[in-house]
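Worksheet: the structure to be examined is printed underneath.
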Amino acid sequence: MSDAPSSYQPPPVAIHPAPVAEHAHHPWLQHHFDNMEQQAEASTLGMWVFLVTEIMFFGGLFMAYLVYRHQSPSGFQEASHHLNIYWGAANTAILIVSSLTMALAVRAAQTSQPAKTQVGWLLATMGFGAAFLGIKAIEYYDKFRDHIVPGPYFQWEGQYPKPAEQFYSLYFAMTGLHALHMVIGLGIMTVIAVMAWRKTFDEEYYTPVEVAGLYWHFVDIVWIFLFPLLYLIGRHYHAG
Amino acid sequence: MFTNFPFFPQAASEQAGQIDALYFFLVAVTAFFTALIAIMVVVFAVKFRRKHDDEVGEAIHGSLALELLWTVIPLGITMVMFVWGAQVFFHMTRPPKGAMEIYVVGKQWMWKAQHMDGAREINELHVPIGRPVKLIMGSEDVIHSFFIPEFRVKADVIPGRLNTLWFTATKPGRYHLFCTQYCGTKHSAMIGWVTAMEPAEYEAWLGGGGAGGTMADAGAKLFQDLACATCHLDNGQGRGPVLKGAFGKPVTLQTGQTVTIDDAYVRESILNPQAKVVAGFQPIMPTFQGLVTEEQLLQLIAYVKSLGEQQGATK
Amino acid sequence: MSGHVAPKSMYYAVFAALMVGTALTVLVAFYDLGPLNNVLMLGIAMTKAALVVLFFMHVRWSTRLTWVVAASGFVWLLILFGLTMMDYLTRGWVPGTWR
Amino acid sequence: MDTTTATPTLNYLNNGYGLKSWLLTKDHKRIALLYLWSITAFFFLGGFFALMIRLELLTPAADLVQPDTYNKLFTMHGVVMVFFFLIPSIPAVLGNFLLPIMVGAKDLAFPRINLLSWYIYVLGGLFTVAAALSGGVDTGWTFYAPYSTSASNSNVILAGVGIFITGFSSILTGLNFIVTVHRMRAPGLTWFRLPLFVWAHYATSLIMILGTPVIAITVLLVAVERGLHLGIFDPALGGDPILFQHLFWFYSHPAVYIMILPAMGVVAELVQAFSRKNIFGYTFVAFSSLAIAIIGFLVWGHHLFVAGQSTYAGLVFSIISMFVAIPSAVKVFNWTATIYKGSVSWDSPMLYAFGFIGLFTIGGLTGLFLATLGMDIHMHDTYFIIAHFHYVMVGGAIFGYLGGLHYWWPKITGRMYPEGWAKFAALNIFVGFNLTFGPQFLVGYLGMPRRYAMYSPEFQVWNVLSTAGATILGVGYLIPMIYFTWSLKNAPRAGANPWGARGLEWEIPSPPPTENFAVTPVVTEGTHQYAPSREVGIV
């Protein structure tokens, strides 16, 4: 065998400039990015792409919900009656407030406000997130108490025990997955809050807060749909 | 050991010819384009092989005309495939009216068939030739699929619902029956034989089978045993709708929708009575899910169906 | 680097709109408006989601690429829902076939 | 053999030694090699299962293994080959290695996430191997409910969790590629100067991020339904098994394009490099990748023609499935036209490209049989469909993978490989492959169902041929394994550009330095422009 199969060398497709001396970099600029702007754009785009996968992830559950709601509308209506609209509405409001405080946390970083302000908004966001989970826990407890957790101990007094069990299978799957996202969100917020406390963020560099904010708002949006779909549709039949 | 090199399954049903014609068309298209591409690749690769090390190819960037050509031609051919295939599909999925009905139940790992007059068989199916046969199929456990290669027919057999399949056998003989949807350990043993017979022979065979009355008789007995008859009275005074003369006719539901009472509707109404309640009745019927087997369900359906026919005859 | 900094007042306005939407959707649930109930509820939910996406998530001021990415999620969701429901909603359309 | 004994310059391979420097690396090239080793292990594991399947099918009776064991063998073969070999193969190895270089970047946008995706892949793999070792799974790789949710008494949950986890590895890879292509391209590298390999990977990544989450939630629901008896898919609990099929195929049909699109990208590179000629109809080839990715999401219902889907839905899915054939045909014709008036070398990577074009044509056209409504009734779940997708997956995806691996081997390792052996192996694999899967078309039309441990004696002759072919194919796979390993120490060193190809990856040393480019290059031309441009055409 020859050393190389071909001695033909075509011209290059690019100009390769010679290395020049390094100039000062922002401490948070990773080596493979050219500048902070490219790094920030890559990170936010990455989070958006990730959120698209999250949409599809929840999408599978929404699909199942749609099919079974279509197959037994009356059963789902009856089953949803056991959910407490007021807890659901309160949780919706709490998440919206947390989204507001999150948006203000991002704004605080964007405008180089003191670390204390940034951390304050972040802690407020986490507080409301925790409150949401607390209420969710109360709701779950009610379901356990009333034996409407799907499985061998499921009991249903109404006309449609099968669709009701299915409704609660989906209820726990959807709200459980959502709650898991909230827990992960709280974890992320902890990291961000520590970074903010260490005065990491200013108008030059606030990508982590922004990206975490995108995630938090997305989790809020999922609940914005879960609330009417699970709690509200068909309630007037019994509410009057 | 290898005395036969089979290339092609026997064609023993009316549908087989249609499928085979479509198959030959598709094989011809495949052979033509595979040969075309292979010949072009080989000819170009030989003719334009590198003669010396510094040689480069010509800079040809493309041709809109060619791109359109090899977009439009495949599009045209695939549309022929689609239309032809759809025609065959329509023919194969719509059983003709008046087809002879046989009920089939799949379970791990056997096929149970029950003829209208009561004859039952396991992993065997006897059918007359020259007459459309419609199979109404349900499953007791997982998804199976009913496949007779020589007839070129197949349909999944799905728990929780009824599927149908129909064929007209044309040649007497014994043909393979396979389960084609993977269903567990003995999936490959869930096989059997379909015997196509001259109509006279078939009648003789039926006479030899069927102890214990027709399917509808068995259904009528269940109808009494399960106390269906206490609500579904014939005089219209019962708490449930009159079943006599109902089958095959449209009925208005509570929701205002209209559905035709067919096999699937009767089945659903036994297992999930609240799903489609007839207008003017209370949703009080209990479910019979778990109380009747798939086979008994089919007997009940056959009975309800026979009630419908009674009325139709007197009209 | 510089991103768009929105005034605080805008965030409060969007927040107010979201709260009003929530109140409205709960209110509507108690009245029987026929099929309009579902339309209103989903309409309000979508409006709220759009507000969050556009303002809280800054898509209003983002590149066209972000718009495309955000939209693609919903388009693909519609593909999943649309084609699957196409099967369920057309069962039995062709007479004599599977339901 | 070693002609150059000069001390090698600093490159990604000799920049740090020891286990830690590999297991904690953030270098996309090292991560690509981590993937290479792990997918090779899974490939031979899946291959072992395949060999056992073929040996069992030598005779009609279930004599080598019991049906129960056979069912586990084909399930593990499918799971391992689909989720742990084919889906990561080209993207995670060749894509990981080359995509940043081809766009003129120092690394992927998120190097840590890239490493994380490998660990996730390994973790998912461990779950699946654990499922196999603790008794296996017998549901088929399709996990159809309600068999998977209630009837099977094998390790469905363990395997399902394995697939769930591995899905995230695929999602993260796709995410990384998309962001890299959008945000990390070198100055001057416009979209229409991108190598077609990058276009193909971009299209693949779209499917990865849009489809994978749906299969993840679906297998998770199967596991949850099994574990907690929630009624999602099992009709006995009020569920709908057809819904499972919709959700499963929403991902798993596009997933076959995850497997074939990167191979198409590789073949486009091979055809251009070894014909020394730019691709015929660049924009058509580039956009056909996107078209396949997008239309591919609209066709999944063609897996449900006999499953009780509505007739109307069947019609819609059938006609859209026909449309997906068009961009595939456009690609085949354009590759073929590229060879015309080229300077064609017959080096081993090009042999794989030739094989790919022919076998993919057969695989693609036989796919049309299955998209044709009436025809599918007879073909569905027979060996015809097995033959069809192996023509696409082996004749397509694996040929592309092997062709690409040979083409870029000098770049990856800095060494050539024995060309004579490589040619022999390519021929061996081509012959073995056709002998294995060609007969399966015939036995499929005869009516032999898939997933049968025992079969009717009249099918035997074709099965014997197929098993004979599989043996040849198995040997064919071992040969490259041996000479590639041998080449690492013994083969001659490769220069920066041993093939005389044009592209950014051939303008940096072999093996490349850790940061790929000392300074970000400025791209002035599209790829694979060899001769001075001139306008020619039939127009």
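By written order: A, B, C and D. Residues from 1 in each chain.
In the analysis below, a residue touches a chain if its C-beta (ideal position, glycine included) is under 8 Å from a C-beta of that chain, and two chains touch if they have at least 3 such contacts.
Given the structure is predicted, the values throughout are model-derived calculations rather than measurements.
S.K.: Taking mean CA positions as centres, which chain lies farthest from chain C?
M.R.: The most remote chain is B.
S.K.: Identify the chain whose mean C-alpha position lies nearest to the mean of all protein C-alpha atoms shown.
M.R.: D
S.K.: State the pair with the higher C-beta contact count; candidates are C-D and A-B.
M.R.: C-D
S.K.: Find the geometric centre of each of chain C and chain D from their Cα atoms only, then give the gap between the two centres in Å, rounded to an integer.
M.R.: Roughly 36 Å separates the two chain centres.
S.K.: Measuring centre to centre with CA averages, how many angstrom lie between chain A and chain B?
M.R.: 45
S.K.: On a C-alpha centroid basis, what's the spacing between chain A and chain C, in Å?
M.R.: So the centroids are 16 Å from each other.
S.K.: Express in whole angstrom the distance between the two chain centres, defined as the mean CA positions of chain B and chain C.
M.R.: Between these chains, centre-to-centre, one finds 40 Å.
S.K.: Considering chain A alone, which of its residues make contact with at least two other chains?
M.R.: 6-8, 10, 41, 45, 49, 52, 55-56, 59-60, 63, 67, 71, 162
S.K.: What positions in chain B touch 2 or more of the other chains?
M.R.: 53, 56, 90, 93, 161, 163
S.K.: If you look at chain C, which of its residues touch at least two other chains?
M.R.: Answer for chain C, listing residues that touch two or more other chains: 65, 72, 76, 80, 84, 88-89, 94, 97-98.
S.K.: Can you list the residues on chain D that touch chain C in the complex?
M.R.: 182, 210, 214, 242-243, 246-247, 250, 297-298, 300-301, 304, 308-313, 316-317
S.K.: For the complex, give me every residue of chain B touching chain A.
M.R.: For chain B paired with chain A, touching residues are 53-54, 56, 272, 274-275, 283, 287, 289.
S.K.: Taking the complex as given, what residues does chain A use to touch chain D?
M.R.: 1-20, 30-34, 38, 41-42, 45-46, 49-50, 52-61, 63-64, 67-68, 71, 150-152, 162-163, 165-166, 169-170, 172-173
S.K.: In the complex, go through chain D and note every residue touching chain A.
M.R.: 3, 104-111, 113, 171, 175-176, 178-180, 182-184, 186, 188, 209-214, 216-218, 221, 224, 228-232, 237-240, 243, 246-247, 345, 347, 410, 416, 418-420, 491-495, 497-504, 507, 515, 517-527, 529-530
S.K.: Can you tell me which positions in chain A touch chain C when the two form their complex?
M.R.: The contact residues of chain A facing chain C are 36-37, 40-41, 44-45, 48-49, 51-52, 55-56, 59-60, 62-63, 66-67, 70-71, 85, 89, 92-93, 96-97, 99-100, 102-104, 107, 110-111, 203-206, 210, 213-214, 217-218, 220-221, 224-225, 227-228, 231-237, 239-240.
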